[in-house]
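Below: a set of structures, written as structure tokens.
Across the two complexes that follow, chain A remains constant while its partner is chain B and subsequently chain C.
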Partner chain A sequence: MFKWTWKSLFSQRGTLVGSALGIACTFILVIFFDSVWRGESLQVVSYPSHMKPNVWVMQSGVGNMHMAMSFIWDWKADKIAKMPGVKRVTPILYMNSVVSAAHTRMFAFIVGLLPGDKRAEPWALTAGRHIKKPLETVIPDVLSTITNVNVGDQLHIADKSFTVVGLSSGTYSSANSVLFVPFSDLEKILSSTGTYSYLLVDAEEGTDPDSLAKRIRDEVEKVNALTHDQFVRNDLSLAKQMGVDIIIIMTAICSTLAVLIVGFTSYSLVMRRRRELAIIKALGMGSMNILISVIIQSGILTLFGFTIAVLFALFVIPYIPLILPQLTLAVSFTSLTQIGLIALVVAILGALIPAWLVSRVEPATAFHV
Partner chain B sequence: MPEPIIKARNLTKSFGSDHTAVIAVNNVTIDIQPGEVVLIMGPSGSGKTTLLSMLGGLLNPSKGTIEIDGTNITTLKESALPEIRALKLGFIFQAFNLLDALTVEENILFPAQLHPGGINQAQDRADALINQLNLEKRRHALPQTLSGGEKQRVAIARALINEPKVILADEPTGNLDSQTGQEVMMILHDIAREQGYSVVLVTHDPRVEDIADRILWLEDGKLGDRKQELHKWSRDPVCGMRVDEWTADIKADYDNKQYYFCSEKCLHQFNADPDQYLKQPRSSN
Partner chain C sequence: MFLLAWRQILLDPLRTILTSVALGSVIAVILILAGFEQGQYHQLEQIVLHRKADLIVTQAGVNNFIAVRSSIPQLARAKVEAVDGVINAHPITAIPIIYNANNIRTPVYVVVYDTKGGPSSIIQGHNIKQGRDIVIDLSLATKYNLKPGDSFQVTGFEFKIVGITKEAAFMMPFAFINYDGMIDLFIESEIAPDLSTFPLLSYMLVELKPNSDREKIARLIEQRVSSVDVMTPDQLAENDVNMGKVFFEPIMGLLVTIGYIIGMLVVGLIMYADIRGRIKSFAVLKALGFSFGRLFLAVLVQSLLLLVITIPIGIFLALGLAEFIETIAPVYLIQLFEPKMFIQILIACFGFAFIGALIPIRTIQRTDPMLAFQGT
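What follows is the complex of A and B.
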């Protein structure tokens, strides 16, 4: 029976290939949107991820960076710097703002760096240099490509114009890019003095980050202190929440499409083979065997589609950012496993109506000419 | 007298209900003995195929009982019927009904997967049947590459693979030319005479009468005596075969006259160029 199941499916190669490709397209869409979502979420937290201090200190009640506001008095940074086990405290000023560059306006994270700060500055430049003087900025290289704003050009943050002096890599996200400006300029934009947004606390060797964070929380009033891992986890979780509904909707739509394609293909296979199924029943094959056969055909079809989609995910998706640098794509094993489970459900659901049709095929119709 | 292999009692089959009901088979009682060749004849629409479908457990009768090899199939659950069909019965169809995706050998072996011995134990039987029915060279061919006669020989081999008690054949020569039809008929004759299979045939082919032990006449769903004039003979204008106008299904009108054919193949040939066959018209009996 399995031989017939397999051979009859492959005897209509055009239908098989067309349907497998159709199913693959829906799975590719699911994988693609999922990888955009994961890639963007990771990119949104790229700055804190790369800084990697042992402890992040921020205003009490704040637990992350993405879309957050935080102010800490500067004397608290001095107090923390003097605590045992603290090697270095690097303050940054931070705000979310709209950046106008050429004819483009976009959201960005603006990081204000103290003069000569090497600890919190961009980790890799692809052109130009780091900021040294007032009203200079370093922008993401991808942003430069998209907006055609290059080193030496001007861009606007709030009411101030900045000159681009460097292009950084790994700091672009379509949701929020990271721009670096002098601390004093950002102070003026925020109309604040004597405050920082976040403190990057590096611990002495051998100091446990958890206990250091706890000591800071206990000894410095109205601040929150989190280990790096906890801080990034919080940020990533919030970043993911922003797109999760859209991803669920897209997954539901694409999965429904896949069910319809598998169902329609199985349905047309059954309809075309009604007579053959009647013959098989007449020869003594029970409905359950034929039902299993239809489900297997549906499963094989879905497996082909899923395999094509996985190959696409592994060998094509990683190269898409070369053509579209504004996209950050991250394919995860978890998402492929989830989509594999969805494929299994799709195969079973897609076989339901054809299976019902099979149960209704009258073996006596085998006698009809 | 041995026990009949098929005992059908008061079989009735009606389709539809109330005033739209059509009685296809009406109170038919038949016994089929082991090794017997029984021919069921009758005009078109007389209920022959419906009767055959019921005898084969493919269609439930509205009334009456059918016993096959001692098992009353009319009281069996639907789920138990496939085993009866697979092991006790072999089917031969007018349209051959081979599975297109499978080779000759695979088609023959297909019902064997339902046999307790499975396909492995059936391989020797399949080899013997392939040899007996002269299909050795076509063992790995797909059905679409076979001639009509070869297809029907494969169908016969498939029907015999599980060594059933009864072969049920519906117009087994209907899609074959006269010579191939003759060959198939002789195969059916041999399997009944030499191997002891019971064969129940529904056909219009009058030559089959020569191999039949009994002829049953079905008209308006009832078994009855064939009218005194047994046949109204015509000649197939293509092959010249004798065809009974009373029972012939395959016919065509041309030039205000009706012609009867032994097979679809002859009809197609005729339709392609009728004048070619009417230049030297063959006389009717």
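What follows is the complex of A and C.
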């Protein structure tokens, strides 16, 4: 029976290839959507992930960085710096804004760095240098590629014009590009004095970050202190929540589409082999065997489609940012496994209509001329 | 040719239903993807236009309403109101907050208003009457199962939800409070000691005398008040939409392209399977003297006919899906009938139906008329 299934499937290679490609495309759509969502979410936490202080300190009531606003008095940084177990406190000023680069306006996060601050500056430059003087900025290299604003060019944040002095790598995402400017310039834009947004607290060796965070919360009024892992987890969960429902919906829609394609193909194959099936039935083969054969057929079909989609995910998706640098894509094995399980359901559901048809095939039709 | 194609479609109803639903689903997917993108732009536009101002004053250098910090000196309001033609400059303040309940964090854009700029419509409950009242977006209410009468905690300060509105943009729900609420929030909540850096005035919604020249007054305000920029709501909305396009276009463009490829493959698959299934009929037609061109025309007509049948199915499915998405996640708006997008999709669908019909072309070409005379 399995041989018959295999033969009938491969007797129509065009149908097989077309169906497998159709199924693959529906899975690719889901994988691509998921990759964008995962990529952007991971990129959102790129800055805090790379900074890696032991403890993050922020305004009370704030627990993350992405799309948040936090302000704390500067004296609180001094107080924390004097606490036992604290090696270093690095303050940054931070703001969400829209930046104008050439003719492009885009959402970005601006980090204000104190003069000579090496701790919180961009971790990798692909061109130029770090900021040294007022009204200088380091922008993501991808932003430079998209807007054609290079080292030496101007970029606008609010009513201030900054000169690009360096291009940083790993700091771009569509939802969260990180730009670096001098602290004093950002202070002017924010009309603030004597305040910081976040404090990056490095602990002395042997200090437990959890207990240090708790001590800061207890001893410094109206601040929140979180360990690095907790802080990044909060940011990541916030980023992942935005858009997660649309991912689930798209997965459901695309899976339904895959079911329909599998169903259509299996149906076409069964309809064309009706008489053969009738002969098989007339020869005494049980309906269950034939049903299993139909399910195997749709399973093979779905497996082909899924394999193409996985190959695409592994070998094509990682290279899409070379053509579209503004996309940050992350293929996840977890999601591929989940889609694999969905594919299994697709194969079974897609076999239902053809299976129903097979069960209705009359052995007598084998003798019709 | 039309009759032949039509009869072919009617020959096997179950198959036609399956193909129509499959093709309809492809069209629905494309419509949903494109509608999602258009919905984002529409929300970005409406959130500005719903503030119902003749002109909008922003911090100098700030040209957007959403996702940007604008802070105007308080004294600027009196200066703006002193300009000829200005009746009133209604203040609004925008505060981005992260709402955290049940360990689920959601960024919320809180708009603080006084006399103008509040929620554009209340779909449940009533508008703000007291300082502690808050009107929240439906998506926030759905996500956290909140309703009028419930409390809404922001950094330890308790607001009371009095109304539900439907205003969200950039995948972010909006909430509305008045200035009494904002001052209470700043003073009573834990952020009070550090409120000096919070913007107290973000934008001004300028109300002009009837028949005033908006452009002229905008330039006049900019001349007299150097700390601000002035735009018409349409200009500000356009800036926000353009910013949204930078974010959404590359992603959605690629997804819609994949949708078109699926459509093309589905049409090709249907036509190929169909032609393989009735290869003998084609052989008979060839034996009867039908040229290859006419046979291809029959396939093309059938493919287009199938598309004409499935477009309403696709639209119907997309409408259902859009309703479903907006019900479970009201932060999204799926705008299916944006005229330009809709026509583009229809044209593209005919394009992929045409390309799909080309896929089985080789099979038709290679069909041997001798097959017509062979037994079963």
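In the analysis below, the second predicted complex is superposed on the first by the 369 of 369 C-alpha atoms of A that agree within 3 Å, B and C clash if a C-alpha of one lies under 4 Å from a C-alpha of the other, contacts with A are read in each partner's own complex, and residues count from 1 in each chain.
Heads up, the rule we're going with is that a contact is a pair of C-beta atoms (placed from the backbone, for glycine too) under 8 Å apart; a residue touches a chain by one contact, two chains touch by 3 or more.
What you see is a predicted model, and the numbers here were worked out from it, not measured in a lab.
Student: Once both complexes are superposed via chain A, do chain B and chain C end up clashing or fitting?
Tutor: Superposition check on chain A shows chain B and chain C fit without a clash.
Student: Please indicate which partner A:P363 is in contact with in the superposed arrangement: first for chain B, second for chain C, both, or neither.
Tutor: It touches chain B, and chain C stays clear.
Student: Give one of first, second, both or neither to describe whether A:E276 is in contact with chain B, with chain C, with both, or with none.
Tutor: A:E276: touches chain B, not chain C.
Student: Determine, under the contact definition given at the top, whether A:Q241 touches first (chain B), second (chain C), both, or neither.
Tutor: second
Student: Figure out whether A:W4 sits in contact with chain B (first) or chain C (second), or with both, or with neither.
Tutor: In the superposition, A:W4 touches chain B alone.
Student: Taking the superposition on A as described, I'd like to know which of chain B and chain C A:V36 touches: first, second, both or neither.
Tutor: Touch partner of A:V36: chain C, not chain B.
Student: Could you tell me if A:I253 is touching chain B, chain C, both of them or neither one (first, second, both, neither)?
Tutor: Only chain C is touched by A:I253; chain B is not.
Student: Taking the superposition on A as described, I'd like to know which of chain B and chain C A:W75 touches: first, second, both or neither.
Tutor: Neither partner.
Student: Can A:G284 be said to touch chain B (first), chain C (second), both, or neither?
Tutor: first
Student: After superposition on the shared chain, which partner residues are touched by A:S192: those of chain B (first), chain C (second), both, or neither?
Tutor: A:S192 sits against chain C, while chain B stays out of touch.
Student: Give the label of whichever partner, chain B or chain C, reaches more residues of chain A.
Tutor: The larger set of chain A residues in touch belongs to C.
Student: Once the two complexes are aligned on their shared chain, state how close chain B comes to chain C by Cα atoms, in whole Å.
Tutor: 7
Student: If I apply the document's touch criterion, which positions on chain A are contacted by chain B in one structure and by chain C in the other?
Tutor: 369
Student: Would you tell me which residues of chain A are touching chain C in their complex?
Tutor: 12, 14-15, 18-19, 21-22, 25-26, 28-29, 32-33, 36, 59-64, 66-69, 71-73, 95-98, 100, 104-107, 156-160, 174-175, 190-195, 221-222, 234, 237-238, 241-243, 245-246, 249, 253-254, 256-257, 260-261, 263-265, 267-268, 271-272, 320, 324, 326-327, 353, 369
Student: Give the list of chain A residues in touch with chain B in this complex.
Tutor: 1, 3-4, 7-8, 10-11, 275-276, 279-287, 362-364, 366-367, 369
Student: Any idea which chain B residues touch chain A in the complex?
Tutor: Touch list, chain B to chain A: 49, 52-53, 56, 58-59, 79, 82-87, 91, 93-95, 97, 99-102, 106, 110-111, 113-114, 158, 170-171, 174-175.
Student: Enumerate the contact residues on chain C facing chain A in the complex.
Tutor: Those residues of chain C that touch chain A are 12, 14-15, 18-19, 21-22, 25-26, 28-29, 32, 36, 59-64, 67-69, 71, 95-98, 100, 104-107, 154-156, 171-172, 189-191, 193-198, 239, 242-243, 246-247, 250-251, 254-255, 258-259, 261-262, 265-266, 268-270, 272-273, 276-277, 321, 324-325, 328-329, 332, 359-360, 363, 376.
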